Amino acid sequence: MIDLQLLALLLIPLLGGGLLAVFGSRSWAAELNSLMSFLTFAASVVLTVRVIDSGPQVAFSEQFFIDQFNVFLVALTAFVAFTTSLFSRPYMRIEQHHGKLTTGMLHLYYSMYQLFTFAMLIALTTNNMGIVWVAMEAATLTTVLLVSLYRTPASLEAAWKYFILCGVGIALALFGTILLYFAAERVLGQGGTALLWTHLNDVKGELEPTVLKLAFIFLLVGYGTKVGLVPLHSWLPDAHAEGPTPVSAVLSGLLLNVALCAVVRSKVLVDGSLGNHFAGNLMMGFGLLSVLVASFSLFRQKDIKRMFAYSSIEHMGLITFAFGMGGPVATFAGMLHMTVHSLTKSAIFFAVGHAVQKVGTQQMDSIRGMLQVSPTVGWGLALGTFAILGMPPFGVFASEFLIITTAMHEYPWATPILLVSLGVAFAAIFGKMQPIVFGETTAKPLPHPPALVPVFVHLLLVLMLGLYMPPYLADWYRQAAALLG
Amino acid sequence: MHIPFTLQFINLLAALLLLVSFAMLAQRRILSLVNLFAWQGALLALSTFIVAYSSNQHHLYYSAGLTLLLKVLLLPWLLHRLMRKLNVRWDVETLINIPTTMLFGIALVIFAFNLAAPISQLAEGITRGLIGIALACVLLSLLMMLTRRKAVTQVVAFLSLENGLFFAATSATQGMPLVVELGIALDVLVATFIFGIFFFQIRETFDSLDIGHMEKLKDD
Amino acid sequence: MENYDLIFAILFQLAQLVVVVLAAPLLTGWVNQCQAWLQNRSGAGVLQPYRVLHKLFHKDAVIAHNASPLFRVTPYIVFGCMWLAAAIIPIIAVDLPFSQAADVIALVGVFAVARVFISLAAMDIGTAFGSLGARREMLVSFLAEPALLMVLFTASMISHSTQLPRIVETLAHHQFVLYPSLAFAALAFIIVLLAENARIPVDNPSTHLELTMIHEAMILEYSARHLALIEWASSLKLFAYISIGIALFVPHGIAEVGHWAGLPLGIVLLLLKLMLAGAGLAVLETVMAKMRIFRAPEFLGTAFLLAVLGLLIHFLLGA
Amino acid sequence: MDAVGILPLDVVGWLVQFWIVLGVAGMFLQRAPQQLNNIVFPLSALTSLLLAAVGLWALASPATVMVLPLGLPDLPFHLRLDSLSAFFLILLGGASFGVSLYSAGYFKTMAGGMLGLLCLEYHLFLVGMTLVLLADDAYMFMVAWETMALSSYFLVTTDHSIPDIRKAGFLYLLIAHVGAIAILLSFGVMQGGNGIDAYTFDAMRGAHLDPFWSSVAFLLALFGFGAKAGVLPMHVWLPEAHPAAPSPVSALMSGVMLKTAIYGLLRVTFDLLDTQLWWWGVLALGLGLLTAVFGVMFAAVQGDMKRLLAYSSIENIGLLLVGIGLTLIFHVYDKDALAALSLTATLYHSLNHAMFKSLLFIGTGSILHATGERNMGRLGGLIRRMPWAAMLMLVGVLAISGLPPLNGFVSEWMMLQAFLLSPGLPNSYINMLVPVAAAVIALAAALAAYVMVKFYGVIFLGQPREAALEHAHDAGTWERIGMGWLALLCVVLGLAPVFVLGQLDHVSQMLLGTQLGNAAGNWVFLAPVDTERASYSPLYFLLAVLGVMLLTSLLVRRLYHGRVRRSDPWDCGFPAQTARMQDTAEGFGQPIRRIFEPFFLIEREVPSPFDTHPRYHGRSDDRLWYILYEPVKQAAAKLSSAASLLQHGRIHLYLTYTFVTLIVLLVFV
């Protein structure tokens, strides 16, 4: 049964990728893309319900493992992938209309989009640390193609850097995985089971600490590159700024989460084996560093998508910090923050995308008076900005509230850094966005109507999470937090 | 104590592997770099084969074959074709001059061995000390990536890094599960193809493969 | 017995109201007379203020076209406030039932009300002199008022009360003590008195067209009964200030509660004190030269500092 | 009522919901601005009045709590209505009643779409403030707090096409947000135990902190709430934001929103923290004094009437902080009666300030509508064009100048009493501090009078300085009603302090566990401690002054006559009177600027005696901005440029980062 549901979840995007590889250049490719994403989302919902009702499950001779933690990411991923596909339909048409894209590029885009979803879902659901690596690599490869979609010098450069840096990072992660396996096979013996997270988790107490320490460093540096932790983040702003906006949305909203999920999985093992807070401390350190550097980098940005890329780094740092702290509250907060950040950030990228299309440039100095030219885009930007800046009653504040207060309780020394960083980030983003939203305009109307439904759906969800969390969702998160400890 | 012949042989191969890595680090000509890469692949395949034989695990035979196919024949061939198509012959001088790089390399090797020492104590059977060499190879390739200017050399370095990892996977630990290895191999293949595509795109956009052209994106 | 006392006290309060309002111009006259003598003039006599008031009341009031109601009601307010102020200061006897309703802080408040209204009225017509006078008046007062408050605080700290009768009682009827704090307070008070009553060196009451005038500049537009009321009010103010001085620094000989035998003596002493004070004021005004208007803040700042110093000394020495 | 089972909190809940409904209704009524003005705003005013009534009712009744099904899991929204919240609810209701009534007339001229949005934001603002007062857990508090900030930000930037207004809004929200984070951290310090449910205020009351941590919590709270209240040196946003906003909004911000910060400080200091230290009090006292003098000093030199009022708000906040500081000191040294006295004075003054400051702000709104001019140098003589506004604002001016018998004087009187009664504290330094503080307060009060005479005199009195002023129209009916209500409150609060004190006792009972009471048994005399020590009866006072006035005028008319002749002004016979000869705002403030020169950053261009159209321009800036804020800005810029060096564009460099990170980790771990 579970096998079937999982199969559906994984095969639909794969199939979609195949179909779109064939029909990608048809006029209804965009609709097909959305349809596939929707089916994926539906499958993920079914799976989620199943898991919430009857606890963690393994499938396909334990090769796949689904618990409350990753099923929550699965659902999130499928959902955002779906809304993004909805958004990208008109967006890409407008891009084509502006002559930035050819049909061939669209063809590539759609198929890669599906494969990318597929890769992420694999990475999330697999139980095998090795397969996690394979899937991450695959996700990288697909997104590299997506980032370089425009074939402009800038996009090529961005893609190249992305490719090389993440390639190296991932390679290091592989070495970490090998070390993990090396430690594991001495407990679990040769063969298949030695890389299965469930088994590792059962015996984590007996794994050799020195090896795991080493392994974790490689895993952290490796997957951390994809999470965008400072100082491994260098690829992230370029890739976000130069790729098509829907891709920026899914990169920020999803891929970073997936990578972080891998880090968290390994953290559980390592801390379990070392019996101390080694991995947690490392994560906290990287998290703080990322928050600090990112927030200061925000100041000097001129390109709007680049700026929000840095804000993604900042938030990822915050989440990493939260998971690093550990404990029910912090972990809960971390997951909540993952959710709201994905939703908000993708929503912002949607709005930004249309704003940029209206003005024809990503330079913030020349984007003005969005509220005047189209209130929907303007309000989308304004509310999205305030949401991402952690203004109540939006959900981002809820998680930041928990993270900061817990930090104040557990690790007071960290809070001044957080205080400064959040203040600086607020000043930077708010100061940049205010004239963009307000004031007199410079924009021109669009050939196709923009798709802003996803924006407001996301923001509405975020608002809801800030004011009211359905008990179902709540104890789902609680269970997941309990799993990670 | 009596060290079995196979182990001696593997250690020899490992040493050779390290030697090749150094050679690549020192090498300026791209073509010979690719050849060295092919040699590295061959050593890798051989060592995998021997490990498979000594600890008779059948799936290691497969991966040995895979390595042979992929890293000794396919990738070098691809690279050669690229060279010819893009007619790049000489690598411009590296960022840091060769002797310094070598010194760095040696330091790295020592560092890697020290790092791996406690682990090697744990390893039983034939794989004593191989982790260290694998780690050294990885770090050396990384160093190479840092110091090279051309896109192609970076890619080769990247692939040899992959080799180091593979060596660690097969020889140090007696082979990862087959699925994983297949996946890894697949990724490497695809990656290479994509690299190939990129070379052409980069060439036609910047009409050169010098990475120096790709430093436009920055904060200012 | 109790309410007999109360009735008597109320009667007494009313009596003081009447006496004060009638006697105030006399004091002004006396001061002017002394000044005249000091300057070897024969002077117009101590009754001159009454004549002036009488004359002014007879005249027709002339006010500017654009004068607002505020302008017309101000003289009455000022007069009322000053009268009230003068009436709640115990000078002859200490039990004034009304001073229950307004303690020293309220007393300062009363002066403030009068000042604010007259400044507003001065600005009402919109003449150059009017706003100039108003500005200077407020400038002088924003330093003088807190100084006065501090002086009063010193006294009320000593007597643990902000009610004038209690203060006077304490200061007058306890065995004679030297209060160093009060000495400072007295100095400050004299400066404040000079400033607040438009006296030399801060202002010159006997000028009518001078670029440095303050009080006169404010009331230039008033005439007839309005002017009369204001003049009267300023003599009341002088009277009030001098009697505050007396009450705080030389209250001795004042009649106790329900101790009516003391009254005659008290009255005689009071007259003496008033005459002395007036004469002293005249002397001061004669020997001092008027200072530039910009020096006034420094002058008053000194007063403020002295007052605060007095208060501090009280805290320090407990005396 | 309780018999029926309805608690005050329920009613407040309904009122809040009704406000939200009204706000949304405003959005839908965009098409019909007329109805929107004449129905929505009066209804909302009515709601405010009811809110005040409920507050009055709740003040006496025991605290009621409520838990909403909203909020975080394990941390639903907790509501609590106790005496403290009730008092501030009264303040909120009383002030906003007048302001909302006024708004019904004020926003007539506004375009429909904008008006609908503004109506929504306005009501969200009110709701936010109310919920801040009701919140009983950290999360709810923060949500309400930031909702308040955000809605007011949007209100401030109502006409965002003007760059200065955008700048003001930015500064405002930025400082507000930084303050909010500080408050958040202080909650983080105070949380009771771990787990999400540790953030309810009850848990915090239960938690016992050691002196160090409670000091940290207090300092953070002082910083956070100070940033909202405009305490030095976090005041810079206030003189920018208040003038930028539409006048009713400025009124609410200055009159009510600043008080929510005072509320928060009181809540944290006396309710949530179980121990207080004496130096907190000294700190608050010192800061308050600085703020007060600073505020009034700058108010004296302002030329823009709304900026002037904003600075005067800073002064009043300073006074309130002084009151809190005194309360702390007395409370720590167990001088309960004194603590109660100063607390009562503080609360009373916040009530008063809410009334007269709102009154003055909406008054400036009327002037703005009538003349379209905020610069006092171009106003004048309006008392003749707009008698209603002039009369009602005169009340406000007298009240804020602290003149008897109006309300400003009462709170000032009580605060001075608290100072006078304070000697005998064990700590001699504080004993020394007290008289100085009293002196400074007196100075500030006197200066406030100066400022207000300038304000009223330059705007309303004298000759109109511009020809356009000749056809300025008076405030409309709604506006008159609104201002009238606030003026009435100023008088009532001034005349019947004893009733108010009776109510305030509940609050001091709750916070300090002691009551002030009134020594003079009757309601006419206000005698906080002891009739022998001090007493004050505004009613008698008023009666006496009026009586004397009537008596004199009667006598004068009886004995002489009441003839009046109108003619040109005399002015020492100077014939060519022009409006330019009067003091402008700058001219009136000049002496103060001269005296306090070192504190200002003055730039002025003085015309030469010979040019035919002399133009004078002078600005007095805030040194603190350049001393405190510029360096921060520059430091941030430096650091950010340092950070941007990381992103250098060269892939080798990036690889090196990875490499070095790896090596470093391997070496050091």
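We just call them A, B, C and D in the order they show up, numbering each chain from 1.
Following the convention adopted for this analysis, a contact is a pair of C-beta atoms (placed from the backbone, for glycine too) under 8 Å apart; a residue touches a chain by one contact, two chains touch by 3 or more.
All values reported here derive from a predicted model rather than from experimental measurement.
Graph distance from subunit A to subunit C, where chains that touch are one step apart, equals 2.
Path length between subunit A and subunit B in the touching-chain graph (shortest route): 1. Looking at contact counts per chain pair, the maximum sits at C-D.
Of all the chains shown, the one with its CA centroid nearest the global CA centroid is D. Of all the chains, the one whose CA centre sits at the greatest distance from that of subunit B is C. One simple way to say how far apart two chains are is to compare their mean CA positions; for subunit A and subunit D this gives 44 Å. Here the spacing of subunit B and subunit C, counted between their Cα centres, is 101 Å. Here the spacing of subunit C and subunit D, counted between their Cα centres, is 36 Å. Inter-chain centre distance (subunit B to subunit D, centres taken as mean C-alpha positions): 70 Å. For subunit D, the set of residues touching two or more other chains reads 643-644, 646-647, 651, 655, 658, 662, 666. Annotation for subunit A: residues touching 2 or more other chains are 160-161, 164, 168, 172, 214, 237, 297, 300.
Applying the touch definition to every pair of chains gives A-B, A-D, B-D, C-D.
Of all residues in subunit D, only 643-644, 646-652, 655-656, 658-659, 662-663, 666-667 touch subunit B in the complex they form. Every residue of subunit A that touches subunit D in the complex is listed here, in rising order: 160-161, 164-165, 168-169, 172, 213-214, 217-218, 220-221, 225, 230-232, 234-235, 237, 278, 282, 293, 296-300, 327-329, 332, 371, 386, 389, 391-393, 397-398, 401-402, 404-409, 412, 415, 419, 422-424, 426-428, 430-431, 434-435, 438-440, 466-469, 471, 474-475, 477-478. Across the interface of their complex, subunit C is touched by residues 380-381, 383-384, 390, 394, 398, 401-404, 409, 412-413, 416-417, 419-420, 423, 431-432, 434-436, 438-439, 442-443, 445-447, 449-450, 452-454, 456-458, 461-463, 525, 531-537, 540-541, 544-546, 548-549, 552-553, 556, 559-561, 563-572, 574, 577, 579, 581-583, 587-588, 590-592, 594-595 of subunit D. The part of subunit B that touches subunit D in the complex is made up of residues 95, 111, 115, 142-143, 145-147, 211, 214-220.
Those residues of subunit D lying in contact with subunit A across their complex are 69-74, 138-139, 142-143, 145-147, 150, 157, 160-161, 163, 166, 169-170, 173-174, 177-178, 181-182, 184-185, 187-189, 191, 194-196, 198-199, 636-637, 639-644, 646-647, 651, 653-655, 657-658, 661-662, 665-666, 669.
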